[in-house]
Every structure is written in C-alpha cells, then in structure tokens.
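The same subunit A turns up in both complexes below, where it pairs with subunit B and then with subunit C.
After this line comes the complex of A and B, so read on.
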C-alpha cells in the first residue's frame, strides 16, 4: 500500500503491535509487520530450527537460538540412535555462540524408571553436562530415544539458566523400556547463546531435533 | 503439535503480593510459563491457587481442597516424595534463593472451565535454592467441581519481586 495511505490511513498512521493491529493491510504490510514483530499471529510455539541428522554426528549444535527473543525454549528429540553401545544423550550450554561449550559446574537431579521395575535417582552438583537427557541406547534394533526439554532464562545475563526434561527410550540394559524426568541448572549468571546435544561419552547420534521458542513468555 | 495462544501475561517489575492470570473460558488445555520468578524472602517457594469468578472478580480459592503429589528432585540430597491432601494452596516451585536465580516452570491446566469436574494441573518446575538445583515434577488437583477462570501465584511469605508469568491456550 502506498506510503501516503499506510494501513488505509492518511496522515498519522496507527501504531501497530502484537494484539493491536489497526487498519487495512496488504501482503507487503503484513510481511513487514511480521519482520518487525508487530503483527498479531497466534501459534506462539515458534520453530527456530530443525536438524534432521541422518549421518552419525558427535555434536549437534544449535548456535542461532534467538535467546534475545525467547525467554523459554523447547527442544524435541525423536528417533535418536547411537553408534556406540550404552550411551546417553546429554546437553551443554555455550556462552560464546558455540565456539566452546561449558563442560563443568552444572547441577542436575533426575528420576528414572524402567519397565522391569527398577527406579532410582541420579544427581550431581559438579557435572560436565545438564543431566542424562535420555536412557543409554545402543546400536541395536529398536533402541531409540525420544525426549523433550524446556529451557529458561537463556538470554538473561542476570540470572542462572535452567532446564527441565523428560525422555522415553528403549534402554540398552535388559533391554527394556526406560523413562527419565528431571531438571538441571547452569549456576552462572550468563547469556547462553548455543546448545549442544552430545553423548555422555564418546558416541555419535542420528535423529530429528527441533528447537522452538515460546514467544511472549 | 498444537499451537499456543497467549491469553494473559504479567511481568513483575516491582514487589507485589501475588500474580493473577485469568482468561480461561473454554474447555481447551491451558499452559502457564513462569520465568525468573523471585520472591522477596531469600528461600521462598511459589505457591498456586485456582481463581473463580465471584461477582466479576477473579478470586483465589482458599478452601482446604488442594491435593498434590510431586517428586522433589535435589542435586545434592536424596529425592523426596512430596505429597499432601486438603491444603489451602498447592506448591508450584521449590525454594528460590535470591533474585539472581528465579523460579521457572511449565504448568498445564485441565478442566478449569468445566463446572462439573475438578481442576487439575501438571507441574514441571526448576529453581536454585539452598545452594542446589531443585526440581518439582508431578501434579495437583483442586477437589471442588466448579469452573475456574485462572491461576493465582504467591510466595509462601512476603512478595514476588520479579518474574514473568504467562497463560496460553493450547489449540
């Protein structure tokens, strides 16, 4: 729409913002308002990036997590396989955009339970990763892991960064089913701007990994 | 995967006794996020009540009808089966040491709009308190069959100094 008739108004145009769009909009207006984060769109679980890892990969890094936009992030992991026997997938944070990843000082507390009736707790105040995100899996038929994790405060330089998580997997020991749920903290007031998914030891993985942001949280 | 529609949000920038989020008016599942919630007292937790419309005013319900069962996850001590019945509120987060850390969590709300069912909440929260990471995972129920239009958050003592509380509808 011509600038002299912006949003259908002559002269002073209405201020546009989420939840308060006023006027008549053509496609270019809408695209521009979306780009400026001023257009009301529902569906506030917003996909940031999906990594479909089909070749065994040791480090699956999300380095454009848009921590300046989202206070809460959400990651899903689906159909995860390992090329080494008995490996968990774990998470680490980076504060330098993914050049390096923090490998000490995490705290976590998590519960596990198996289909064979074994339940227990795993915890640490000096870990090199943010807890065991999945059960240990092996390169055997049907041994896959599925998981999700929420992240909080990653972009806030004044607060610690936190995560909660849950997973469901076919466990390498037994073998049988294993579930895990838990929480973890990176007790350092820093901006976290990249997330690494990797093994607790040497291994590589395939799977589908999606990072979302929960807007306006 | 469904979509989230923001219904209400409240960012606390000065001390306040409580935060109320309302706008539950359908039978959809709703979700609440809490990010960086810090109470004024050094080791408080964030507690929850459901709200009911009373003559046009969202009113936190204080009758002794809250039951909960959570796994209290601790980074430096044995985990605790945390449960109770017939309480006047329910626990949303673990202890929160100070403003640097904050309480965080995801809460799903079920049956709030249904006047003939109890209202249920699942809890998944994480904090840093008493020098350890702490998590709560479990659920709670308010055992009164009536419609509820929102949730009310408050610290066990004092005020909430900061934090963002947001209510979404899952559609």
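After this line comes the complex of A and C, so read on.
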C-alpha cells in the first residue's frame, strides 16, 4: 500500500498496537504489524516446535527457540521413557546456538515426594544442569514421566536466565509414584539461544517434547 | 482443558513502590496467567501480591498462603499465614539489575463475586552473594467479592517493573 495511504489513511497514520488496530490492512501490513507485535491476534501461547522422539535419543536439542521474540518460554514433556531405570531428564542452556552447551555454574533447588511417603529437598550452587527436571523414569511404555517448565529472560543479555518446573512419573522400582518441582538459574547475563534435554547420567529417551513461546512477555 | 493464553494487558512503572494492573479481570475468563520478569528494585526484598476490589488495593488481613521457600544454598523453609495483608513471598527480587526474576502466577475466579480468589505461583530469583532463591505456593483472598486487578508491592521502590496478564482460554 502506498505510503500516502497507509492503513487507508491519508496524512497522519493511526498508531497501531495490540487491541487497537485501526484502518484497512493489506497482507503486507498485517505481516509487518505481526512482526512488530502490533497486530491483534488472540492465542499468545505459540507453538515453536514439537519433537516426537520415537527412537531412544540421548540429547534432545531445541536450537531455534526464537528468544528474540519471546521473553517467557514454556516446554512440556509427555510419555517420556528411558532406556535405563531410574534416570532423570535434565536441562542445559547454550549461548552459541547449540554448538556447545554450558555444563557448569547452574544453581537449583527442588523438592521431591513419593507416593510411599518419602519427601526431601535437593539443591546445588554448582551444578552441571538446571536441576532434575523429571522424576525418575522407567523403560516401560506404560510407566512414563510427564513434566513442564517455564523459562524466563532467555533472550535478555542483561538478565540471568531462570526456570521453574514440575514433573510426575511412575517407575517400576522403589516407591513407584514420584513428583518433583523446583527452580533454577543460569546466573550469567547472556543470551540463551538453545535448550538441551538430556539425562542426569548415561541414558536415552523417547517421548513428545513441545516448546512454546508466550508472546508479549 | 486450557488451550491457549490470550494477552489482556501489560503495566509498567518506574520509581514506584507498587504497581497496579487495573481492570485486567473480567467475566471473559475464569483463570489468568501473570508473568513478571522485568523487575529492578532499589533494595533487595520479596515481591508481594495484593488484589484490587471496588475500593482499590486491599491491604487488609484477608490473605492466606502456604508455600515452600527453596534455596540452592541453605535449608528449605515452609512459609504460611491465615491473616496476611498480602500474598507475601511470591518471589525474591535482587537489587542487582542483572539478576532479574522469573515469576509465574495463576489466578482463579477473581471476577466471580460469589467466590474467593485463589492463586498458585512459582518463581526463581537470585539472592546476590548467596544463590538461587525460589518459591512455590498457594494462596487465597478469603473474601467473596469481585476482584478486578492485582497489585505488586514491596517496601522499597521499584526502579523498573513490568507485569503481563493473560486470560487462560
């Protein structure tokens, strides 16, 4: 659309913002306004990528997390199985797009509990990962782990990167039903641009993993 | 089952001791998600939450909460009250601008005048010189009245604060 008739207006153009779009819009206008977070669309939990892992995989990497768009990310894990009994999934960050992943300097604090009545705390100020994201995982397909996690400030080079998380799982050995929740930080003011899901020890996993961004966050 | 978030509004403040997000609750949603990540404060302290009713910010002893304080550097603590004047300890706010915070809050039934207003929250912050400090908890505002907004408050000034509110659809 010609600049002298932008959004159907001659002269001064109306200011566009979420919930306040005024004028007549062609597809290019809409695309540009979406890119600028100025176009009103409802549905701000936006799927970035789903990984349906059907073959045992050691490292599940999200390398296009769109940290320049979203300040809050949300990730889910569903029907997760492990090829080794009793392993946990953990998370690591990358600051170079997934070429390497930070393996030291994380801090976390989390609570665990079991259906058999055992509760306790786990914590570290010098960890190689962002806490135990999932409860203990079984190799059996009907005894799986589920989990979710929020991430904050990954794309902000002036802030530390935080995460909170919760999980429940059933596994064949021990107290069977387990839950975990907790908080963690990568205490470095860097842009985080990739997330790795892996084992706390040697193991591989199957399951469905979905990464979302929360727009306008 | 919730299928999406719908952005409602954002509020920001500079050099303020509290931030109100007004008229963010309505009859369009029963459940709301609130995120706060961009907070800088003059003196390190907890971020506390109050609700806004028809008279304004409710600072009466009308709040209950129970939560677990989880630190990476010391023993965990249970925190609870049945007569609080806010939902205390929603998150820890460092005075270091680079530390930041990650706070997520779900609010239930705020606009229903026949129901109490419930909340759950989880956060991760950084206590400078010590380490990571997180909270996970529940809370209720035990007055059956219509709640239209929320207020984030601290005894100390926020240099900058931004809070976003979404409806859960």
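Convention: the second predicted complex is superposed on the first by the 180 of 217 C-alpha atoms of A that agree within 3 Å, B and C clash if a C-alpha of one lies under 4 Å from a C-alpha of the other, contacts with A are read in each partner's own complex, and residues count from 1 in each chain.
Everything that follows uses one rule, which is that contacts are C-beta pairs under 8 Å (C-beta built on N, C-alpha and C of every residue); 3 or more make two chains touch, one makes a residue touch a chain.
The structure presented is a predicted model; accordingly, all values stated were derived computationally and were not measured.
Student: Mind checking subunit B and subunit C on superposed subunit A, clash or fit?
Tutor: Partners clash after overlay.
Student: Regarding the shared-chain residue A:123, is it in contact with subunit B (first), subunit C (second), both, or neither?
Tutor: The answer is both, since A:123 touches subunit B and subunit C.
Student: Just checking: does A:217 make contact with subunit B only, subunit C only, both, or neither of them? Give me first, second, both or neither.
Tutor: Both: A:217 reaches subunit B and subunit C.
Student: With the two structures laid over each other on chain A, which partner does A:181 touch: subunit B (first), subunit C (second), both, or neither?
Tutor: both
Student: Should A:78 be classified as contacting the first partner (subunit B), the second (subunit C), both, or neither?
Tutor: Neither partner.
Student: Applying the document's definition of touch, where does A:114 land relative to subunit B and subunit C: first, second, both, or neither?
Tutor: Neither subunit B nor subunit C is touched by A:114.
Student: According to the stated criteria, A:152 is in contact with first (subunit B), second (subunit C), both, or neither; which is it?
Tutor: Both: A:152 reaches subunit B and subunit C.
Student: Can you give me the overlap between the subunit B contact set and the subunit C contact set on subunit A?
Tutor: 42-45, 71-72, 107-111, 121, 123-125, 150, 152-153, 156, 158-160, 162-164, 166, 181-185, 187, 189, 214-217
Student: Spell out the part of subunit A that touches subunit B in their complex, as residue ranges.
Tutor: Answer in residue numbers: 42-45, 71-72, 107-111, 121, 123-125, 150, 152-153, 156, 158-160, 162-164, 166, 181-185, 187, 189, 214-217.
Student: Give every residue of subunit B touching subunit A within the complex, in rising order.
Tutor: Per the touch definition, subunit B meets subunit A at residues 1-6, 9, 33, 35-36, 71, 73-76, 78-79, 100-102, 104-106, 124-128, 132-135, 137, 164, 166, 168, 171.
Student: Taking the complex as given, what residues does subunit A use to touch subunit C?
Tutor: Touch residues, subunit A against subunit C: 18, 42-45, 71-72, 107-111, 121, 123-125, 150-153, 156, 158-160, 162-164, 166, 181-185, 187, 189, 214-217.
Student: Residues of subunit C touching subunit A in their complex?
Tutor: Residues 4-7, 10, 35, 37-38, 68, 70-73, 75-76, 97-104, 122-126, 131-136, 164, 166, 169 of subunit C touch subunit A in their complex.
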